[in-house]
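Okay, so chain A shows up in both of these, paired with chain B first and chain C after.
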Partner chain A sequence: MGIFQRFARIPLKSTYIWSLCRQYSTDLTAVDRALIQHRNPGAAPPRLPFSRVTQEDLAFFRTLLPGRTITDPDLLKSSNVDWLKTVEGNSEVLLRPKTTEEVSQILRYCNERNLAVCPQGGNTGLVGGSVPVFDEIILSTSLMKQVITFDNISGILTCQAGCVLENLSNYLEERDFIMPLDLGAKGSCHIGGNVSTNAGGLRLLRYGSLRGTVLGLEVVLADGRILNCLATLRKDNTGYDLKQLFIGSEGTLGVITAVSILCPRKPKAVNVAFLGCSSFQQLLETFQCCRGMLGEILSAFEFLDASCMSLLEKHLKLTNPITESPFYIVIETAGSNATHDEEKLHKFLEEVMTSSLVTDGTVATEATKIKALWSLRERVTEALTHEGYTYKYDISLPVEKIYDLVQDMRGHLGDMAKNVVGYGHVGDGNLHLNITSPSKDPALLAAIEPYVYEWTSKWKGSISAEHGLGLKKRNYIYYSKPSEAVALMGSIKAMLDPKGILNPYKTLPDNIH
Partner chain B sequence: MGIFQRFARIPLKSTYIWSLCRQYSTDLTAVDRALIQHRNPGAAPPRLPFSRVTQEDLAFFRTLLPGRTITDPDLLKSSNVDWLKTVEGNSEVLLRPKTTEEVSQILRYCNERNLAVCPQGGNTGLVGGSVPVFDEIILSTSLMKQVITFDNISGILTCQAGCVLENLSNYLEERDFIMPLDLGAKGSCHIGGNVSTNAGGLRLLRYGSLRGTVLGLEVVLADGRILNCLATLRKDNTGYDLKQLFIGSEGTLGVITAVSILCPRKPKAVNVAFLGCSSFQQLLETFQCCRGMLGEILSAFEFLDASCMSLLEKHLKLTNPITESPFYIVIETAGSNATHDEEKLHKFLEEVMTSSLVTDGTVATEATKIKALWSLRERVTEALTHEGYTYKYDISLPVEKIYDLVQDMRGHLGDMAKNVVGYGHVGDGNLHLNITSPSKDPALLAAIEPYVYEWTSKWKGSISAEHGLGLKKRNYIYYSKPSEAVALMGSIKAMLDPKGILNPYKTLPDNIH
Partner chain C sequence: CFAPFLCLRPPQIRVKPDRTGVVTDGVKHSMNPFCEIAVEEAVKLKEKKLVKEVVAVSCGPQQVQETIRTALAMGADRGIHVEVSGKDYETLGPLQVSKIFAALAKKEQADLIILGKQAIDDDCNQTGQMTAALLDWPQGTFASEVTLEADKLKVVREIDGGLETIKIKLPAVVTADLRLNTPRYATLPNIMKAKKKKIVNVKPADLGVDVSSRLEVLKVDEPPQRQSGVKVETVHDLVEKLKEAGRI
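Now for the complex of A and B:
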């Protein structure tokens, strides 16, 4: 308890803490744990000593962005609260720049004035990363929605950060291409936000992560400098790949203003199968069989459990198209030859049905039916919001372990939780564990955390596979990253944003800012 | 000329230079050009004031690495010179650690003693990045060749940095998997070197870059700290992705000691087609047709020109299997169903033959013949070494531009060059432009550079698509990266390696160290 007490006495924003941690390097795990546990780690920390917005500041912004400097509280309301309605800030200014130059001028001014800034895309994040914690100025990309170029030979798209993912998808489909990522929030999320959070989603299994498909970024740094790394080349090994710093750093190192991304050809044939399994073991065996038999045409392998299906039926009035089962799988194939793809899919289905790995199933090749089947997977998040309060966990684990966590959590929580459900991306070893309760419940939260993180850490998993850390998970980083790594992240933050004005209280733990 | 003269008077290793550059920020292009042009930018800079290895140092290394501290000049010779025999250092010590802990102790010692270190893998680099420039201690990964784990469900391999790529390929093939990268130097190159240089190679078109497939790294920092980011998860968004800093930074930010990498299943069917085209325009049309018709089974689309073929025939006695043509294409398909793949390939071949895009061709499905066809592409580099001295350029351009550069260069150089040949990765827009001469020829070099870089820069290409910058290309970085980006790279270097002991004189230009 000595270390614990030592930390309790020292203000959190102190480099002294970190040097203390380093001194106790033989006992870093205990230190990290103390840092994590000594108060509610998901809660907001104390406000840091940033300046407050003055009338002079507003006058500056109104001159720079006439009609696009929003201060009406009603208009600000939806930007102050996250999509899940679990985190709420009280920013009094929302800025809506249209150009990179405007973003640059805003940040240069804010940095000089020591005003904190919360960059915001479609505000669909799930970890409280996209809303202000206190009175940070909201810098919205909503008016930065121009496609800059699209090259239909290379498939390389360059666009402003505020383009809505679904709009980009529609734009590309007309040109016989698709975006390399797809996710449930596509109707609202911005590509800049997708890149800032290194969004994974439904196509990662096939097209890989944004770290491979994003070819270039334009970023405005905290002091207003514009970093133009907006290359449109598949390969470029000239020096360090700076854009990687901004992918997945949740707006804490710079504001992404434009993106170049490599887009695959639109597949000529798409099939979706919706299958039922009687155990998770059978689901895993189906996955193995699927990878072997569908190979290069497999574009998604997703799952949801029976509890998810009940919520879809109850709250969204969706219909289960097959016999009731403990587990459901969504398999998508995407290929260049419809006949070949259907033959592969049918052989696979024959194999898994005759071997009883799968108990029932249905297949769609027509767009409307494909969409209907996909919505059973995509709308689980939405169905959960009707249940009251949802505690959300986004965990990477070795694939054979992912459902053990759900079952273990059910046993651990017993009647305390209303629902404990699991769904997610089997192909990526990524579980979305969701626990609902009629309303916020500190006792339930205390039973879940740090239990869920300890469980994940024990199996060398990640406590955030794709959602990021944001506000809610920032202090849990040590469950997935060693102290040396977190300290180095702090050095990078200090180098790029010495005053810490960019999305404060997010991503990095409270002992590092 | 004012700026040019100003730089000529100031010692290159000076932060003052950079602050000067920043003052002249309205004229940065001219400044960058002056920095590049004021002397032979590929030549070695003056030795930096590192310590020299003493008898005490040797005694320390011999105690730490008994029998693995090499000082015999004969044994050191091959490690002091690059594979192309164009760059030679005069290191007097080669260290061969077996463990990460040993690497850590070496670097901690060298950092304290201010001894410079050149990390070395298989020493197959083409830009002088893997050999010492002066007397840097060579830190070889050649004894770090253990596979640590392989998970045959997820396909994730974890191994030490010194594993030879071909050995890993063989190891995986026995387990029904393959490495996601393949390159001509596979028999010698180390996976740690591949990752340090962000090697591209022959499979990038299909499996993407190492930035997506490398899941984790263990790295020893300049001061000996071990950074363990050796995750084996497909998705992990907990904080900044530090491993990206070390991918492609050519050993200047840390020494990679272990790698986790996602490996694809071994395809059940592989076909290779070797085709002839009568113009580069027809080759490009063949590529477009190929992408549409082969789609997801296309795993490589490579080319070589008639001059390359002549060199293969002349120096390596290889036989051209088809009618003589101005251009040759190697197409590889890899898929899960031999019948489907062959059907797709035959339809495609029928299409390109009947439309006269392709003039002649041959197809291989059997391993020995596949290997023979591939060697026509893979052994061009080797054939060139028999021509005398080779000036090598590794350029990314919009794909429709790549051969224009070869033709333009032929016209520009006229009789000065013995050969001007082009080959490379059409699918990635990556040209290998090679210019040969009986021996080193400063006049020829002056005609090539900066002409080739200006040409590339005009088309917003990369002056190093996959080879990196190393010693030879470091000062040309400004042709592909803006000054703000290079300055930020310098800050990252200063943060991670404040004494600059790691692979000095490489990657970053002389005004930044």
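Now for the complex of A and C:
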């Protein structure tokens, strides 16, 4: 019943270019199934039959959270729109609990009333996963910002889910530690959101992913049950590791209310080198050389292309510190001994300069200069927002293929796109492909998708390396996961959230129901 | 052309337990931002072929050599490291530094001394002026623009009322202000070249300068801790609290 009803309600306009799919040898049955139902797989599906918020509901919330039940449309506006300003919902209620107990009561109530809930942290997500699609109640972690404990021997930090990443970094730095992750959105994103999306970031190369550094979670389930797995132990092999289910689940299996995370010591010496390469092949060889000569002190290896640099110069008035090159690399080292690290770094730089792998570069050892060099990589996203509408793709590929995708897209799109740029965590095999046009252009979108996903699937890559699926990419899951896996995900969702009230329309494809 | 500059300590400041100064152990030294601008200006003059040679000078302990190397990587031709360490370095102030610069300027027969207007660790804003006085040279301080016109220097100075333009004869002392230029990044090929440039070691005694201080620091204190604010519910309460605090 469900599938066909929805199918009938979607107006079938012009032909969908899924003949492109046929060109590539991927498992297409599941793909066909997902795509065939939707003219635009990234757009919102029809509203599911959840209850609507009544005056009685508001009275309950106002009693539970006095002064923290927001219904003013002006105040709700910013929580209804995502950071990229590409997705907007119509929620009429924003709730700001302070404690896990309050979150539990909210969910228990919403589950009984069949009210949909959209958990929201810093609202910096890039796939439309953090804002409501329709009138889901927004459950914000913004007032859950307490640090609970910090042990400076083990380096284990326990805090509420609404702590802003940058604030945690500042707290830890005073105590000679750092967070194991760092991303451009650090000034706004919440640690709960980071964990829900299994955020990657600039330090993954050195400290690994949240799946390794998160030691415990406190989660409130859809029916209000509080799951306290907030262990602060480095090693604990007692039963199934439930927290791994919630990490990266994008708020669809439970609401994370507290996190315990293992933090590394603050490095005594940090150096940043900004290098220019004349080809991607040389960039890769520089990476190999870097791994060999800098090894254990390497903490980041990022790249950006010449198009990114010109956007930074044009819109943000940043200066290119070296001569113009087709590719730029940002290398960061972090270690416990400044002289030791500088010696290693200088030997490496001498090697790549004399062997001409690198055509030019500069080094920074001092805080303000380091910040200036990092901003050349961190602010590319910001520079792109000034170019109009950005189509963002966060792809994992075998490292040698990363730039082939950018060049291929340029050829494929021709004049239709204003900019096609590539940058990202090349050390992790993660490309951020961005395409801009002056305004939203359905013809351009049709040319990009599913071409870019087919291309990725062909090379066994991931269609979403670190951004998650959210609303925009939920139906493309089959490009990177087999249908049996997706079906099992559906079973787990049905078991933990039978009414489907937690962040509906996100992460799992529409045909899962 | 002389580009003497100062090394300074970075932002995270902690007062020593004996309150005689701030903690400098294990803390990274880097070039004073205004002095960096001075070095850039000197290099620019050389690139315009208006000066023959740029010598970078700094006074301090061993670590200072690294910052001299940065100046060399930016384009200075050679460096002079005036070795001052330990207790002497802790009490080294503008007067002693000016004496050192004046002695060096005479020895090297410099025509122009460019330095930062002030060091961001002590904010004294005295070295440039004292150096000029000791040498009896004219000075163009807080320079936001420097132009060579025949044998004179036209200097646009940033002053409280706006901008003042003066013409001074060479040899002269110029101190750099923020808007004089934007220092270049030292690029790798230049960093490599700089390794081969010479840095000469000199002691203050060799220049006939006594670095003992005539000043005694009595105490150093942290600024008073900021009190947390108080939230009130109504305007009436606000007025009451302000009255209580004697503010209205």
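Following the convention adopted for this analysis, the second predicted complex is superposed on the first by the 474 of 513 C-alpha atoms of A that agree within 3 Å, B and C clash if a C-alpha of one lies under 4 Å from a C-alpha of the other, contacts with A are read in each partner's own complex, and residues count from 1 in each chain.
Rule of thumb we're sticking to: a residue touches a chain if its C-beta (ideal position, glycine included) is under 8 Å from a C-beta of that chain, and two chains touch if they have at least 3 such contacts.
Remember, it's a predicted structure, so these values are computed and weren't measured experimentally.
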item	value
Per-residue contact with chain A, leading partner among chain C and chain B	B
Partner chain(s) touched by A:149 [first = chain B, second = chain C, both, neither]	neither
Touched partner set for A:486, first chain B, second chain C, both or neither	first
Partner chain in contact with A:227 - chain B first, chain C second, else both or neither	first
Chain B versus chain C as contact partner of A:464, first or second or both or neither	first
Touching partner for A:54 - first (chain B), second (chain C), both, neither	neither
Touching partner for A:360 - first (chain B), second (chain C), both, neither	second
First, second, both or neither for A:321, with chain B first and chain C second	second
Intersection of chain A interface sets (partners chain B, chain C)	268
Chain A-facing residues of chain B, complex	151, 153-154, 197-198, 200, 204, 208-209, 211-213, 225-229, 231-242, 244-245, 247-249, 253, 265, 267-268, 288, 291-297, 334-337, 340, 343-344, 396-400, 425, 428-430, 460-469, 473, 477, 480-482, 484-486, 488-489, 491-492, 495-496, 507-508
Residue ranges of chain C touching chain A (in the complex, touch as defined)	10-11, 26, 28, 30, 33, 182, 185-189, 191-192
Chain A to chain C touching residues, read off their complex	268, 274-275, 319, 321-323, 338, 349-350, 353, 358, 360-363, 365-369
